[in-house]
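In what comes next, subunit A is part of two complexes: it sits with subunit B in the first one and with subunit C in the second one.
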Partner chain A sequence: MHLLKHLRQLNGLQGLRQAIRQVSSAPTKPSALQYERDPQPLFTDAETQRLLQSMTQLNLDRVYRKRTVPDNSSEIKFMTNEQLDSEFQDMVVRAQHMLQMPPIVEIKKDVERVIDKDPALKDFANTKYVFTDITFGRRQSERKVFVRETDGTLEHATLDTTKRMNQLYFPLEGRQSYTPRMFALEELLSKCLTEHKYEFILDRLLVQYEPYEAEFHNISARVFEHLNESKQFDLLRSTRHFGPMAFFYAWHRCIDDLLYDMIRRDYLHNAVELIALSYKVHNIPVEYEATLTELDKLHPTPAQTALAELRSVFRRPEDKQGIEQEINTAIGKTDQDFAADEISLKFIEQYIASEHSLKKVQLELAVQTLKEVNREKLLLFQGLKKAHGVQTS
Partner chain B sequence: MSLSPASGIGRFYARSAKIIRFVRLGCTNRPFYHIVVMERRKNQHQPVIEQVGSFDPLPNDFNERLVALNTERIRYWLGKGAHLSTPAAELLGIAGLLPIHPRTYMTAWRNRRAAAEAEATSEKAESSSTA
Partner chain C sequence: MLPIARGIYGGLVNITRNSRGAIHTASGFRCKAETSTSTDEKDAESTEVDGDDSSSSSAPDAKDRSKIIPVETSMRYLKSAAYKQTYGEDFVWTQYRRNHKGMYAPRKTRKTCIRQNRITTGNPCPICRDEYLVLDYRNTELLEQFISPHNGDVLSYSKTGLCQKSHLRLRVAVQQARDSGYLTYDVPFREYDYSEYYGQQQKQKA
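Right, the complex of A and B next:
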């Protein structure tokens, strides 16, 4: 009997050691870039959110792409034009909902909250007891978990234990009760990174960890740093992770690569928004609101653009398009776009000239190339208009 | 035995004596308990009025024993005058829901005494072996 008990204890110890090994092998080494103060008020600020949403863009093909889920089936229906239009509107709203950004919040620290100390209860058992309140209808965040230590102390459980108990009694779909191998083993994570599976990592991270956990911050920081080196920012565009990424770069003063990418792809208004965001984050006294409002007047929001694109199916081919419309589609830009580009270029050049930009030469070159392309386009645009006798406004 | 819903399927009389107690589930050499409310006179494996928690007496990998308690319903049944079996009362005492049961203090004291005795004998054995 005694021998059995002893064996069982040894087994328990081994389990403990295993658990420790599993925890310690996780790549939880804090990244070099950490939020030194609480980023939440700045991140949830309405203006910041608007900037980030605009930068994310809304490409419906990206949002509603086929995913690796069991059911990717589609349904075919006959609809009137009105029904189709309302369906389009719903679709855009749903897409916006799917692009909701995960919050960036401070790492939560464990606080020891002792409820009761009873020295007479010392050694009442050889292990501690963990009590979980399973009262019906509570949210995960408000569930209470208590621990009675072997020395008789009753206290609130640590965040780690609370999460484990929540997952045990009220499992979330997709979340595992142990660290997934992908996050536990360094070589697997770096393999994912070198294969540019950024969205996959970030999605899984979001399922596995809460935004206030240290692992969430460390791994997402690693992904963003890797992205900044590989410069594959387009992989995250129109996903829910683009906003946090842009915010991360703005906070840690490394927006230049992303900015270069935006200029190269001719997303000038996004570039302006990114610069404005970095000014806002670091309280740099540069007036950016005026430029932004001017640009907002000239540019539709991502949702409006997406809806307009969807509604283009209502145009029948035999409908006569205005010649101006035709020129616009041929060039890919309108009068308004050219005006907006001019304003944004001025703002961007101002930024490049200032001491805040780090990769001046690269950015200047990109701006120069873009300017030349734009000038040619503008000449063509004006020439076409003149040839067709369209009045320039 | 197939599982019944936690809301319970047991029939009971309004004024009969109810008790909060353990039901031993699990299997041979692997105990696992449901904490349930049932009529006092009934056998533990008969249908229960309500399941209000669970208790795993074997320590897990992190060396902890897990208890789940539906505190809202436990308080309701205690208010209705339900009785408590001793193990259930001990557990609720340890959880801090009720005062600590005297038997828990007794166990603690006995464990401490046994540990002290074991230490004394081992010290004596050591001193005799070195001498």
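Right, the complex of A and C next:
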């Protein structure tokens, strides 16, 4: 192990840091909604993850939107169809990787871990000594940092110090050594929120803070609460923040607005998944697995949909599409979709009728309008089929 | 009552005089901007005109930059009709051309356009020529004009023609605006190693 002796002028910085703390205390005050117990086991559960990923959806245009980063050069290549297909598959895999959800873990408390008290070393210097292990290739969480206090105590460094030392020797791109003013000042954060810069705030939050820090929880909770009021959920759809957001709402029993949004946009299977998630989180004895498996059979996963969309370039224009396909694209729905809608609507209505939903009237109305639209679509669909003489199986 | 009236008269004279003049100085339109947008400015202007009137009956010194324009005024100016008339849909720097001898422009632009609160050059840079363009982190509409849509960097002075001093102030303002969330940018992607956060059971699964 390669220990590096490192001396910090802690006393000099103390005043400054305190000043920063005072400023930063404003927006990071504990929000009303906190995870009261460890959310990690529920969040990492395979089924929860599957539900959240399905809810996030995968819109390749949004994932691969043009970013203003120093290197965003593009490359033009000639490819055979097979090469192109494998490239498409890679692209979907990479997109899924870009949608990696940030971990949701408990707030870590600082514990004082004293290794040794050596009164003989008292007043050996008037500053603390920080020892950091800077071995190459070690993970951040495994890196050991110790502090020798001026009174001769040798102890493990606090989380704050550890993070600062890690940032000093192995900087994370985009992380500031100071609290960004956006997070430090209440009015700036609320200004960003009113301008609906949710994705920017959350992206920046991920880079600036670790998931186990109190600030991370407070600020993300504030963003999600604000989002629940402004109802701009579509801004986060198919970003990495949608899953944590849905999980947050499910945990705090306020899924109704998100549900309403999903019904309005005709993402019924997502609505079912959201309800199932909330049942799962709160251990409500309602059978939802059967509905989910039925829906899964009828609905492709987001990755499959994205891949199918990409592969549509292989269809040559002169190729005769089946008339059935043409009808499907005209209506925007297939037989399977109609079947899936029926199952999901039944499940959603069951939820609305139960005591768990809070905004019954609104949801009922949304469901009613959707039903009418769907009925019209179905009539048109069947009419078109009949007119073209397509056999209904 | 009298000085105010005289001030308004002075402004009118200015307008008529400047509407004939060249557009590229841009400062000619500031009087119009004032009459249409802000009243407090007009008062200030009128007193200034007053002072000038007592000594010589000429228009206020167009090269004088001693008055500090607040950012709020600048932000209003950028939304005003006067601004629109001056610059149209272009950025403030698009129409600007540097003056230099020979074929090639010097690599760097001039150090500063304003010395001792006066414009000391015949061809001041796009920011200095129009005193109502104030570089500040709150003035996002102005700052956005100097940011490349391709890579998110501040455009070089070789493209925009800003003097070195304005360019430095621009970079500072952009940095501040990004730090306080006035301007958004693409935050680098952070990849999580889940095993670092979820402990042992996850490790076994993976």
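Note that in this section the second predicted complex is superposed on the first by the 368 of 393 C-alpha atoms of A that agree within 3 Å, B and C clash if a C-alpha of one lies under 4 Å from a C-alpha of the other, contacts with A are read in each partner's own complex, and residues count from 1 in each chain.
What we mean here is this: contacts are C-beta pairs under 8 Å (C-beta built on N, C-alpha and C of every residue); 3 or more make two chains touch, one makes a residue touch a chain.
Being a predicted model, the structure only gives us computed values, none of them experimental.
In the overlay built on the shared chain, the residue A:E186 is in contact with neither subunit B nor subunit C. By the touch criterion defined above, A:D90 lies against neither subunit B nor subunit C after alignment on the C-alpha atoms of chain A.
Applying the stated contact rule after C-alpha superposition, one finds that A:Q40 touches subunit C and leaves subunit B untouched. In the superposition on chain A, A:R148 contacts subunit B only, with no contact to subunit C.
In the overlay built on the shared chain, the residue A:E106 is in contact with neither subunit B nor subunit C.
Looking at the shared chain after the overlay, A:D118 reaches subunit B, while subunit C stays out of its contact range. By the touch criterion defined above, A:F200 reaches subunit C but does not reach subunit B. In the superposition on chain A, none of the residues of subunit A is touched both by subunit B in one structure and by subunit C in the other. Considering their complex, residues 12-13, 15-16, 18-19, 115-116, 118, 120-125, 127-136, 146-148, 152, 154, 161, 164-165, 168-169 of subunit A touch subunit B. Touching subunit C in their complex are the following residues of subunit A: 40, 44, 67-72, 97-98, 100, 102-103, 105, 139-141, 172-174, 176, 180-182, 185, 188-189, 191-192, 197, 200-201, 203-204, 206-207, 211-212.
Subunit C makes touch with subunit A in their complex at residues 148-153, 176, 179-181, 184-194, 196-198, 202. Interface of subunit B with subunit A (complex): residues 53, 59-73, 94-96, 100, 104-105, 107-109, 111-112, 115.
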